[in-house]
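Note sheet for the following structure.
Chain IDs A, B, C and D follow the sequence of writing; residue 1 opens each chain.
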Amino acid sequence: MTSYAWLIPVLPAIAFPIIVFITRKVRFLSALVAIAAIAASFVMAVGVLQEVFLLGITMEHPVEYAVPWLQIPGLLKIEAGILIDPLTAVMLLVVTLVALLVEIYSVGYMHGDPGFSSFFSYLSLFSASMLGLVLANNYFMIFFFWELVGLCSYLLIGFYYHKPEAARAGLKAFVTNRVADFGFMLGFFFLFAMFGTFNFRELAEAIPGYQNTAFLALAAALVFIGPIGKSAQFPLHVWLPDAMEGPTPVSALIHAATMVAAGVYLLARAFVLFASLPDVMLLVAYVGGFTALFSATIAVAQRDIKRILAYSTMSQLGYMVMAMGVGSMTAGMFHLMTHAFFKALLFLGAGSVIHALEEQDIFRMGGLYKDMKVTTTTFVIAALALAGLPPLAGFWSKDEILAATFDHGFTGLYILGTLVAFLTAFYMFRLIFVAFFGKRRAGLHGHESPLTMTVPLLILAVLSVVSGFVGTPFTEHGFSTFVYYGEPHHVEPNYAVMLISVLVALAGIGLAWLFYGRPSDVPERIANRYRSLYNLLVNKYYIDEIYLWLFRRVVLGLSEAFNWHDRHVVDGIFDGVGDMTRISGRKLRLLQTGNLQTYALVIFTAVVIIALWMAAPVFGGVVQ
Amino acid sequence: MASLQLLTVEILTAALGLGLLALGLLVPQKDRRGIGYVAAAGLAGIMGVALSMRDASGVVLQGYVIDPFGTYFKVLFLAAALLAAVCSFEYVEKMGFNQGEYYALLVLATLGMMILASSGELISLYLGLELMTIAFCILAAYRLDDAKSAEAGIKYVLLGAMSSAILLYGLSLVYGAGGSTVIKEIARAVAAGGASPALILGTIFILAGFAFKVTAVPFHMWSPDVYEGAPTPVTAFLSVASKAAGFAALVRVFFGALPDLHNFWVQLFIALAVLTMVLGNLVAIPQTNIKRLLAYSSISQAGYLLLGVVSFSVLGIGAIMYYAMLYVFGNMGAFMAATAFSNADGSDEIRDYAGLARRSPLVAAVMLFSLLSLAGIPPMAGFVGKLYLFMAIISRGYIWLAILGILMSMVSVYYYLQVAKAMYLGNPPEESQPVRVTPGLQIAMIVSLLILFILGIYPTPLTNYAMNSAVAFFMP
Amino acid sequence: MITLNHYLALGGLLFCIGLFGALAKKNAVAVLMGIELMLNAVNINLVAFNHFLEPARVTGQVFAIFVIVVAAAEVAVGLALVLNIYRRRLESNVDDLDWMKW
Amino acid sequence: MNFPILTAIMLAPVVGLLFILLIPEREELTIKITAAVATFVSLVLAIVAYVLYDNGRGGLQFLQDVSWVPSFGINYSVGVDGMSMPMVLLTAIVIFTGVFASWDMTKRVKEFFIFLLMLVTGVFGVFISRDLFFFYLFFEVAVIPMYLLIGIWGSTRKEYAAMKLTLYLLVGSAFALIGIIATFLYAAQQLGHATFDIQTLAAVKYDLGFQKFVFFLMLIGFGVLVPIWPLHLWSPDGHVAAPTAVSMLHAGVLMKLGAYGLIRVGVFLFPEGAKYWAPLIAVLCIVNVVYGAMIAMVQKDLKFVIGYSSVSHMGYVLLGIAALNTLSLNGAVAQMFAHGIMTALFFALVGNVYHKAHTREIARFGGLAHQMPRVAAGFLIGGLASLGLPGLNNFVAEFLIFIGSFTRDQSLLGGLLSYRILSILAISGIVITATYVLRVVKNTFFGPRKPEWDHLEDARGVEMVPIVVLVATLILFGLLPSLQIDMINSGVAPLVAKIEAAKAIGGIF
């Protein structure tokens, strides 16, 4: 099966042109083609995972297939290749599964949208790119698909292109990611300059022996900029909340479960580079930790259901990055997997709500549980998983991160992580209490969504519960012996950490109940009391405003200055030369007086001058 | 008798000129248009003869040199005269009188040029020069009804006579210094005796005299006025042929008699070339009258030709010859188009050319491509000519001069394109008629256009002819 | 003893006088006369050179005769044109012949 | 292979032109079809030649030699190598699509196509010439038709722009001509016989001072056409004023003449001169890239955006040339091709919009994707190519340039600057490009539907030909770059060998 793994991205890639050129007019067929393709990919992904188990493909002994894509003999060899190891296999499974469920869900959600077929074509293109990214065996190919998923993100965020906000959000997402890609590209250029290859395995062999660690650290830091952008880490996080302008299934698939996780995946793929550089690791850890806290605090004050989830996603991605930073790739990837399931579920649930109400402000919802039983149930399960209550998936993975942080001696980050866990539980249950429980608001009547939407919810709910079991500290031969860096190591359960995180989560839920679970004016009082802090949170620390100012005033200002310079200075000089020529012509013509005696005089004067010139040695004359 | 055979071309030309004069008196007024045809046919025939004896060489009466160099120029003069004659048919008929004299003068001017180009001796050189000048004086003033024409004539005659006086004074000094009027003997005397003040002074005066004929700045000032005032075909002929004749004689005298002084006179020519190229091109920019524009443009062309003299090499002479020949077709093409237009509209103002491309694609195209050839834009022949000239000059190390020359020819593109702009970009005035062109003129225009194209793309035959003649001249 | 240089000086002087006439006189006929003087200066030169340098040959003399003849022709044309202008504009002042300029 | 395929490619437009001369002016459709057929023949022949070209053997192929002016060593000799073959193909594609982009031309149709075909003949000629004389001759042939095409059929200050463009180009070529003549004379002295053959000229050993001087002339001469900053101003003005097909040809191909000339005549003949001046080019190209892109960001006219984007993108080509190594030169040639196709696509689309809406002011548009989804899609793809999205041709090219210049280890200004730093600055251009391209896409095509533009029809029928052909080309070479790079590399290899064989000399700074 592994030798056919290249088909996994190719199938959705083929679906894309088929939908665009052939089935576009027939909506039903478009959806069918897309779903069939991703379903086939899913089956193959399962096959790959199985084969990885059976054939004993491990992190140390991956399988690689490659064909040359672009070669310049002796200088450059770029392969179109796939690399299969447990990391790949897990990611393939997660991506194909979530993608499959989201596409099924979309049949219901997008029903009636004029862009139905395009939507599925974009989703197929995205799936293909994302799977290509996962399978890539070298930096070049990963960058290749990295950009393509960015493109799909752009297209899907701006899917409702008639909405100016959507168009703007797409632009913002793309440009922000471009900044990150710029760093990423430089990073692997440095690697190429040092080692002459893009291939992961070749680099893995070469890097540990490399002496010039300063250079290596520079390269690693630059590569890390890529994930900062793609995984929405501070300070390039600004695009992700705005990306919620896209259709909700897109938010679930791309901006929660898969694409944003690509940054984390890249860190895992490139772990060998980071592992040897403690300084860079520290940077990674603190960027992750800070983002986790930073966005959790923002989430507390948001009102839009999708934005809350978006900040939550950022926060959780921060966790994963932090896990990578503290040196536990296993924990990061484990959380990535579980998070993919429950966060997709949360978004799809939110989508279900939005689909029913066409409203995104949680304070205008309320009492939804009465009309939307399935949605509510699954949403709560996912929220509990996210809050990290045992035995749900989120508990195990988050716990592993916290444990790893604590074990590796990052006490500060551990405390920070615990604080984030508290905030997470608080804002999620704030959302739940406000939107799903409490009184119904006037004018908004929910109704349960169709089966195409609820079935994926249910499946994801099951996964949110059980997917954590593959990696608990109590599981023999679990996730940690499967996906790892260096030596496989079994994590011993740290009961203190577990206990604290459970308590913290419960405290968060409790506080949310106190504030929002019953009629109360406490939140408002606090908001009024700390107005400036509240405003800071509501306005997302004014980061957007700062960037906007920088762009408008500095970049555009400079551009205007350049434009003026080009039009007036540079052009002025060259046009000036032209004008000078013309004017001198106009002046010189006045010499031609029309009087023939003047002409004659000129002639004789010229003769006299020449004669003097020739006669006088001082003028270089020839006659001595 | 062999020596007389060498003179066949000149004798035939003289006979043609006199015959036309007689014919003009004999033929009744209404049939006089035929005289033009006779003249054209005669010139064409003589050109054939000249071409057939292009390799002939020999010296007649010690001082009259028949060589490929001279014959090349004779072909050139005949071609120019032929085109001028064809161009004149309708124009002269409109003037309404004295057609026999007109064509006779045309042919006699040609004869003067031939003598100028072939004379190896100062007296005949002077005679040829005056024959040409006097004929042109009359032709320039030929439009009796037009005050401008008369003014052109009188300016030309007075300034021409002054320049002749200067030239003569120079010739007399050179005669005194060299002890002979035969160019070869002068060369021998100079080689033996070196430079004396009289010789230097004589050289300067001769240079001024020739510079006047080839319209080198600052001896050019007569030309815009005369070109503007003279009848258009005459201007055309004057601008190409008299200039070429001037160069032929200039080369004969300076390369033939004074090669040992070239270090000295090359400096002068550099100064003249620079002034000529710069001033000619710059002043052409603000012109609004097509003839005046072409006058300044033809001044600047003289500047380029002077580069060939500056290079003082076989390549330089070859380049002059090649360029002069193209210049005939380029300039005549432009003037023929101007004539055709003025025959139809009676105007020489560039602004009246607006929309000409719609009224007569042929006239506009001929004008455009002729101008482009003058500017040296490929694939027109002018490009090859300029290439040779610049090659010649760069091979002597004067790169700055070449840069100046090329930049100036780019300036020339600017004003040539002003004409193109009027013709192609402008809109024809309301109720304008298509421009009607007589078949003869049409054929002449097409032929000269084709020649420009063909020589631009496949310059080999003329290149070989010119270069071989140059080699024969330089190393007899 | 009158040497070649004396003749040449005379020729030069005459040339300058003629030149002055040609440049300073306003009447076209007078200008023509100035030019004639210049040509005569040339003739003096020619003849003098002939006499002093190669008395055996007559090249210079012949040259001078040619100059005289051609000058006559030139003047004939010149006068005809002046007459034409005079008939048209009723004057022969060269300063007014500036219809064409620039 | 006795069939003179290259000559045929070049002459097909000439034959078309002669036919058009004979067709009466009012038979507009016949004229257009004739032009389309002529360019189609060129295109097919170019594709055939592209396919038949033997990458393994490399070097110049499809040779044809006719002695022309023996006394000056001028031969009509044509042939293509791995660098010129893609350029020939590019020209064929752009002119073929350009004819279709001008399908709705109604003003003085006959003259338009005559001049257009004249122009393209010159362009083909440059790319296939192996003889410097013909190289220059064809080079200049392209200029004057351009003047008329812009002057007559243009828009927005057309006369000014046409004259500006013509003068810039001619003055530039004047310097190149001096350089060519000097080279010819130098070589004739060294070899003992006259020749204009580029290969033979390349074998001559030029002394260092001469190389520095002549390369500088070439740099100005061809640099104007590239256009190198600060000699670039003809290009935005020219682009904006030119009619659609001319903009396509002009930005798509004509600018490449400059870069091609710089490589073929400049670097190939004077490797040491190139090494000496490379740092200057490298610095100026950064100005091109960054400054050009930033100016593009604040333009209000669609065509000005694309015009300045060309300035910016050609900066990459210059960077590729300045870095003087295999990767970067491969990239430079590939970028010439890719940019040509991309920018032609842009101009075709903008022309389409302009033709229907009679304005190009971005602020007046918005939501055009509602009325013109195909145009919007095409424009978006062009934009994505422009910002270097993988999967499209430009990405490969830019990537090669970047990696080539990035890996060049040479410091400048005594260590203050290095190629690496310059490359980083250049790479930052991809961010700026993304910003302005997508801003334009957003402001023009996205947003709410404006009823004002409801009368606009989407591209259809023949209008789709340029869009489809150009997009397909971008994607084909984007996904399978080895189709392109293998060929280019076979042409770059001898060039690099020559550069490496040249004396190592310090740059200008």
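Please note the rule applied: a contact is a pair of C-beta atoms (placed from the backbone, for glycine too) under 8 Å apart; a residue touches a chain by one contact, two chains touch by 3 or more.
From a predicted model like this one, the values you see are computed outputs, not experimental measurements.
Participant: Specify the chain with the shortest distance from its C-alpha centroid to the centroid of every protein C-alpha atom present.
Facilitator: D
Participant: By mean C-alpha coordinates, which chain is most distant from chain D?
Facilitator: Comparing chain centres, C lies farthest from chain D.
Participant: A-C versus A-D: which interface comes out with more C-beta contact pairs?
Facilitator: More C-beta contacts join the chains of A-D.
Participant: Indicate the whole-number Å distance between the mean C-alpha point of chain A and the mean C-alpha point of chain C.
Facilitator: So the centroids are 96 Å from each other.
Participant: Need the CA-centroid distance for the pair chain A / chain D, whole Å please.
Facilitator: So the centroids are 36 Å from each other.
Participant: Please report how many Å separate the Cα centroid of chain A from that of chain B, as a whole number.
Facilitator: Distance between chain centres, rounded to whole Å: 76 Å.
Participant: Go ahead and note the Å separation of the Cα centroids belonging to chain C and chain D.
Facilitator: Using C-alpha averages as centres, the distance is 65 Å.
Participant: Using the touch definition from the top, which residues of chain B touch two or more other chains?
Facilitator: Those would be 154-155, 158, 162, 166, 224-225, 414.
Participant: I need the residues of chain D touching at least two other chains; which ones are they?
Facilitator: Residues 167 of chain D touch two or more partner chains.
Participant: At least two partner chains per residue is the criterion; list those residues in chain C.
Facilitator: 22, 31, 94, 97, 99-101
Participant: Per the touch rule above, enumerate the chain pairs that touch, sorted by label.
Facilitator: Every pair of chains meeting the touch criterion: A-B, A-C, A-D, B-C, B-D.
Participant: Contact residues on chain C for chain A in the complex?
Facilitator: 19, 22-24, 31, 94-95, 97-102
Participant: With touch defined as at the start, can you tell me which chain A residues reach chain D in the complex?
Facilitator: Chain A reaches chain D through residues 68-73, 75-76, 140, 143-145, 147-148, 151, 154, 158, 161-164, 166-168, 170-171, 174-175, 178-179, 181-182, 185-186, 189, 192-193, 555-556, 558-560, 562-563, 566, 570-571, 573-574, 578.
Participant: For chain B, which residues count as touching chain A in their complex?
Facilitator: 154-155, 158-159, 162-163, 166, 195, 197, 200-201, 204-205, 207-208, 212, 218-219, 221-222, 224-225, 263-264, 267-268, 279, 281-287, 411, 414
Participant: Give every residue of chain A touching chain B within the complex, in rising order.
Facilitator: The contact residues of chain A facing chain B are 581-582, 584-586, 588-589, 591-592, 594, 596, 598-600, 602-604, 606-607, 610-611, 614-615, 620, 622-623.
Participant: Provide the residue numbers of chain A that touch chain C in the complex, in ascending order.
Facilitator: 589-590, 592-597, 600-601, 604
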